[in-house]
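Here the structure comes first, spelled out in structure tokens, and everything after it is commentary.
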Amino acid sequence: MHIIEFIFSPLLALLIGVFFLGLARKVMARIQWRYGPPVMQPLIDIIRLLSQKSASHGVAFNIGLVMSLAGSLVITLFLPFGKIAPMSNSGGMLVILYLMLIGPLGMAISSGESANPNASIGISRKLLLAMGYELPFLLVVLALMKAYNTTSITEIVSLQRDTGWSMFTFPLVLSGIAYLLILPAMLGVRPFEVVNAPQEISSGPLVEYGGPYLALATLQHALALFIGISLFVNLMWGGAANPVIFFLKMLVVFFLGIFVNAVFPRLRIDQAIRYLWRWPSLIAFAGLILVCVTGS
Amino acid sequence: MTGMEILLLVAFGGVMLTYILGRISSSLRNTFAVVLSLVLVVIIALMYDKTGETIFYRGFFGIPMVLRINSLSWIFAMTISFIGCLSVIFSLDYMKVKERTSFFYAMLLLVNSSMMGIVLAGDLLTLFIFWEIMSWSTFLLISYNGGPAIAAGMKYIVMSFAGSMAMLAGIISIFTAFGTLQISEIAAGMSSASSGFKIFIVIVFGIAFGVKNAIWPFHAWLPQAHAEAPSPFSAVLSGVLIKMGVFGFILTMYVVVGLGTYMSLGGAIFSVRSILLVMGAITILVPTFVALLQDDAKKLLAWSTIAQAGYIMLGIAYGTSLSMAGGVLHFLSHVVFKSLLFMTVGAVEFRTGGIRDLNSLGGLIKKMPFAFTGTLIGVCGLIGVPLTNGFVSKWLIYKSLIFGSPLLTFVALFGTWGTVLYSYKLIHNIFLGQLPEKLKDVENTPLSMKLPMIILSFTVLLFGILPGLPLRVINKIVVSLGFDSLNISLWGIVSESGMLNMINLFAAILAGLIAVWLFLRIGARTIPVKQDDNYAAGAAVPRDRYNYTVKFYDPLLRMISPYLRDIFDTFYMKIADLTGYLSNGIRKIYTGYVGNYVMYIVLFISLMIFVQMKWSPW
Amino acid sequence: MDRNQLKKWFQNPVKMAHKYSLHVVYFCTGCGIIEIPPSITARWDAERFGIIPVATPRQASLFIIAGYVSLKTLRSIIRTYEQMPEPKFTVSLGSCPINGGMYHDSYNTIKHLEKYIPVDGMIAGCMPRPEAIFVGVTHLWTLIDKDMADGYKRYRSNYSAYRANQEKILGKLEWPPLFPIHGEE
Amino acid sequence: MVNPVLLIAVPLGLAFMVPLIDSASRKLTRFVPVAALLFNLILCIRLIPAVLENPIVINLGGFTPPFGINLFVGPLGLLFAGLISLAGLVVSIYSLSYIKNGPVVKYHMLYMLLLTGATGVVLTGDLFNLFVFFEILCISSYALVAYHGDRAGIESSIKYLIQGTVGSGLLLIGIGFIYGIFGTLNMADIAMKIATVEQSTLFVPMILMVAGLGVESAIFPLNAWLPDAHSSAPSSISAILSGIAIEVGLYAVARIVFTVFGISDIYLFFAFLGILTLLIGEMCAFAQSNIKRMLAYSSIGQIGLILFALALATNNTVTGGLFQLVNHTFSKGLLFLSAGYMIYRSGSMEISSLNGMGKRMPLTSLAFTVGAFSLVGLPPFAGFPGKFLIVSGALLKGEMVINILVGLVLLSTVIEGTYFFRVIQALYFKDGNGEQRKQAPATAVTAMIALMILIVALGVYPKFLADFLSSASSDLLDKMSYVGSVLK
């Protein structure tokens, strides 16, 4: 049972992530009054990419990407999907926070090695954006951990079963709002899509990726999407005991993100940081203070 | 004669011998220095798990001077000798092109020996004497390069000297209060002292150790000193030397003042503990962002050293067994990865002919893969990526802080993101991107530099995957300082609110890596290309201009740099200026006109007569 | 998807993926580019066939040269083509790349694109309408199905000749040859 | 048992023999001071055990003390006498090669007279005798300051002369008052009778004497001659002036204040005066760019520190003060001696002209470094134990005022460290003008090495001197035993 979970949950995450990517394209197309590609289109792309002979820029170019995807895969072992969380005993939220570093860092190493300034610009934006949303995000997470008095994400989920969704319980309301405000940035959707801006910096970090590398990068993107949404659902919307319900919750969050993506133009990176560090941070800070004052 | 006396004898004797041998033959000296430092490592390793005290000298007015060893001293001594040894090995090639190498080696060994003296000291007098020897020998080494190093050395020695004078005041007040300087006896006397006295002691020692440990606001000397010192010594400086401040803090707060007293010292909000914690947090936050502004590789690392000192400070000042273990472990981690980073940057500096400017490097991964790997591992440790030692220690610190003071935890966690930013800047601007034309002929890292890098990289990963190895020793320290014992296994730790299992994580990440690698292998073969074969909107890659390094995080920096002025550095410089100005004014008393001088004599007499007439004190 | 399609997917997924995931890098210095936006936006919606524009040649599998090619742009076209990962396909738009079109007597445009890089499909017209582009793409699908879209293979095997042609008109190229050149040295 | 009178008589006699010896053999002249001071040194060392047991009182001419002049060789006097002969010996060895041009004969003669005067001051038990020896000391030093015969030397010599004469005059008037009041000049006798007179009566003579001696001992407002004189004298003489002359002056002040008058109310005032001298000296030194002036101001600072330590008048602080005094003699001597040759090589006294000296004259630079470290009080050199004792003694008094003053002492140490480290950096780490490496002559190097060994030995094993110093300090503080041993 346990072994199966170990293999099952990363695969499930990949599948859902890729499905979300496809769904995103389809939904965006429908919003734009188009027919849109088939939902399986990302899968087709990945198969095609895997068969292409790409140029490699060196060892770190490969290793960084592998590291990035592997790091993201490991996170999925820690995140409860419904009740499936095979490694939740080996460390809690803190480990997840740090594992979330591996993904961007590996990507950064890899695309840095590609020796293209567009990639460097993209990475610098990516790290800055992460810095931007990490400030309110950390405040939110700390408020949660303080409120539930635990660092284990499974416990946070199970405690929400008694108290209701943390987003709608009293001291955590503000944190929930802040989280919702930064969610588009965490998912990397449109108002905060400066990193991969294809028209501006030739898709940024991905500029030199082709063939299998781009396939890995796509999978990494899919996983990032999955992790972002799953984290939100687990922390704020009470997770779920049942994988299906969990998936449905994820779908709702996902649609929220897509709608935001569809209607907003792109912010400049400094505008993005300024936004993220102003209202969401203030609200999250107030939330943390609220938790500290009212909490046990 | 105990092991400690032999150790110090060997260490200090070796210093002299090294210098003398340097006069005869440089290769002989190098061999001797390496052998000596290895011998020191072995001697200290043999002292594992011993405790004891010996009086080794009574020549100082009959005050007994004591050496003592316990688990705390042992782990510090081990680190010092280990890093000292590696830095000597690293110097072999680095110093080949420099002048006055005998002086350098002798001073390097002297610094190491005096640091060993500090950690083995069983009384405050011995501590102070070795402390001062360390201070001035460090001063000589920092100034070694001349040029900008002169100002750096000056700043260091003045601040450090001010710190030691504060410490001297503290030591002597203890001496006058209790009539003894032996640490074990002071601890007994301290418990009955008034709390004002305790606070005084904590403040003066805090200044001394804070300066050495570069805690905000005493950090002003560090960036320049680290940047201008020779790189092998920068490794020692950043790795172990400033950690003498950590040692001092532990000694003051938990041994001299005592755990129970420390936790309740001072008023509610202005308690010593909370002030130290806040200082630690500021030390994390501000220098992390200042590091982002730096364009000099070693200066960047220097600011990061300050920031990491803040983490250690948070750990040891919080005062639970978990945080204490985290603080000491982070000290150990920081020693390893920061020495590694200084060494790799030093290797780059050595091979590129002294370039430290991040804007003019790039693409060196092709030329110096070893240095890149070392930097990558070091940077991962610095950030605290899982499977490196930095992760475990930071995890311990967060874990202990998280429920007690979420705001401090927030600062520490947020500092990590700053760390990611400047670490990536470091590694990207040196090793990634396009290789400039002028660096086409850079050679690979020499063997004497590779060896320490390999050992240190290995240590980073080993302590990251099997944190139980250092934690077992640290647990002994924690228990000896009066805390509860921790529940430690080889691969992690079980605390009351969660556990850490690094071996599982290691297995998972390894499996993930293998799986992804296999997946990548399924795909089509990849073709290695040169850096010139690169997307430039269809054009051929322009030579020497196709790189993005200058103003790497410009949007952020433009936002934050107005807030990052180093007020305290300015403040200290203002004080220095003021002193100079004042001195110049006072100098004018001596006008050079003899009539005035005779007038002074008359005035002196008349003043005394006036005083006598008015108040008649005599 | 009809049954035939499904069978094909099982028989040769790679080929099918190549057909239905054409990531395009547009070379848009010619007048044909004005026809591209309608083809990828809501009116004709190329994405339903998996055709999307990408930013760099590294990510692409289809190269569309939209219009006349001047000497200056030829240099970039060659560079871009060489940077695309194999297998890769080329489609040219309009008459000019075929035979010079209305610029047949210009000193500054090339007349036959296929002399410099292999072209798998040519869509004639001045300019071709978006429908014609889709016709061209369907034609490319058939070629891929029949393994006849083998321009990249031809480029590889005849590289010496291509390179000679390129250097004849452009002078010495700034980048080294992609494949070993026979007949020299 | 040897007669301590020889300590004065031998150098005095030999001083006047110098011209005779010179006419006999030119080469021999230079060795006369060496021989005389070596003799003195050996004599001092032989006297130590006896003196530690009981102070030796010699009645000159066979008159018993209240009437005749007596020499009092207590531990303190012997300490000073030993210090004078030791420092004098080292400097005379240094002078063997350093003094080559100019009036060599007069130099050696005056040099020995200076040391004779100094020895006399510390050994005598009679106020007027003290004045006479003081005059010997001062007059010979006026002349020696102008040794080079250049404009600066003569100018500062004249300044020194004027101030010194004013001081001597004041001293003489003070002594006259005392004689008028008590009818005796014997210090022990006066000390015994001092309680019989009302304190306010004593005020005027005391002030006059303190001011007179204060000029020579460089207490703050009275020390204006010092920087000029020290910087324009030959370095060997600067070493003696700084290491011996002003300290002998300080001895005289201490002896008169502690033993003769013994008014404890004034001690705190002297402590303040000491701190003021210390701060002003150190700050002036901080602002200097001329190395010899810097060293001279630093001497003022050190004198202030020693004065502070003595003024606290506990056994610990006085021991510490005396330790610091010994350290100052050695370190400042070493600094002046090494600076002398560095200036000789570079031809300028500016600190910037010493850049890169560490490469050109390694041993001399090392000597300077050791001296500087020791003066600043860094372990393991001799300055640290002294500072340790002073501070611990001062803190042991447990008074708030004193504690604040101790804080100022530590602050001034930081300032002192700053300017010394600045010079050390210039010596070693700044690029010089790439001259060839050339050491100082062997005799000079011998002298410097001897002082370095002394400094390190004292720093590593301070206990060596501690017992002797502690009996010296009780000699200074214990008025009754002084009186008793003289007037037995």
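Points to keep in mind about this one:
Labels for the chains are A, B, C and D, by order of writing; each one numbers its residues from 1.
Everything below uses one rule, namely that a residue touches a chain if its C-beta (ideal position, glycine included) is under 8 Å from a C-beta of that chain, and two chains touch if they have at least 3 such contacts.
Model, not experiment: these values are computed from the prediction.
A comparison of C-alpha centroids places B closest to the centre of the full protein. Chain centres were defined as the mean of their Cα atoms; on that basis the chain farthest from chain D turns out to be C. When the C-beta pairs in contact are tallied for B-D and for A-C, the bigger tally goes to B-D. Averaged C-alpha coordinates put the centre of chain A at 78 Å from the centre of chain D. Rounded to whole angstrom units, the spacing between the C-alpha centres of chain B and chain D is 43.
We define each chain's centre as the mean of its Cα atoms; on that basis chain C and chain D are separated by 97 Å. Note: centroid distance chain A to chain C, computed from Cα atoms, is 36 Å. Looking at chain D, one finds that none of its residues touch two or more other chains. Residue positions 49, 51-55, 202, 207-208, 211 of chain A each touch two or more of the other chains. For chain C, residues touching at least two other chains, in rising order: 56-58, 83.
Chain contact topology: the protein chains form a pattern that is neither a line, a ring, a star nor a complete graph.
If you check each pair of chains against the touch rule, the ones that pass are A-B, A-C, B-C, B-D.
Those residues of chain B whose C-beta lies close enough to touch chain C in the complex are 532-533, 535, 537-540. Interface residues of chain A, counted against chain C in their complex, comprise 25, 29, 32-38, 41, 44-45, 47-49, 51-55, 198-199, 202-203, 206-211, 214. Listing the residues of chain D that touch chain B in their complex gives 158-159, 162-163, 166-167, 170, 199-200, 202-203, 206-208, 211, 214-215, 221-222, 224-225, 227-228, 263, 265-266, 269, 280, 283-284, 286-288, 373, 376, 378-380, 384-385, 387-389, 391-392, 395-396, 398, 406-407, 410-411, 413-415, 417-418, 421-422, 424-425, 428-431, 460-464, 466.
Listing the residues of chain C that touch chain B in their complex gives 27, 56-58, 75-77, 79-80, 83, 173-176. Taken together, the chain B residues at the contact with chain A in this complex read 363, 365-366, 369, 372, 376, 380, 383-386, 391, 394-395, 398-399, 402-403, 406-407, 409-410, 413-414, 416-418, 420-421, 424, 427-428, 431-435, 492, 497-501, 504-505, 508-509, 512-513, 515-517, 519-520, 522-529, 531, 533-535, 537, 546-549, 552-553, 555-556, 558-559.
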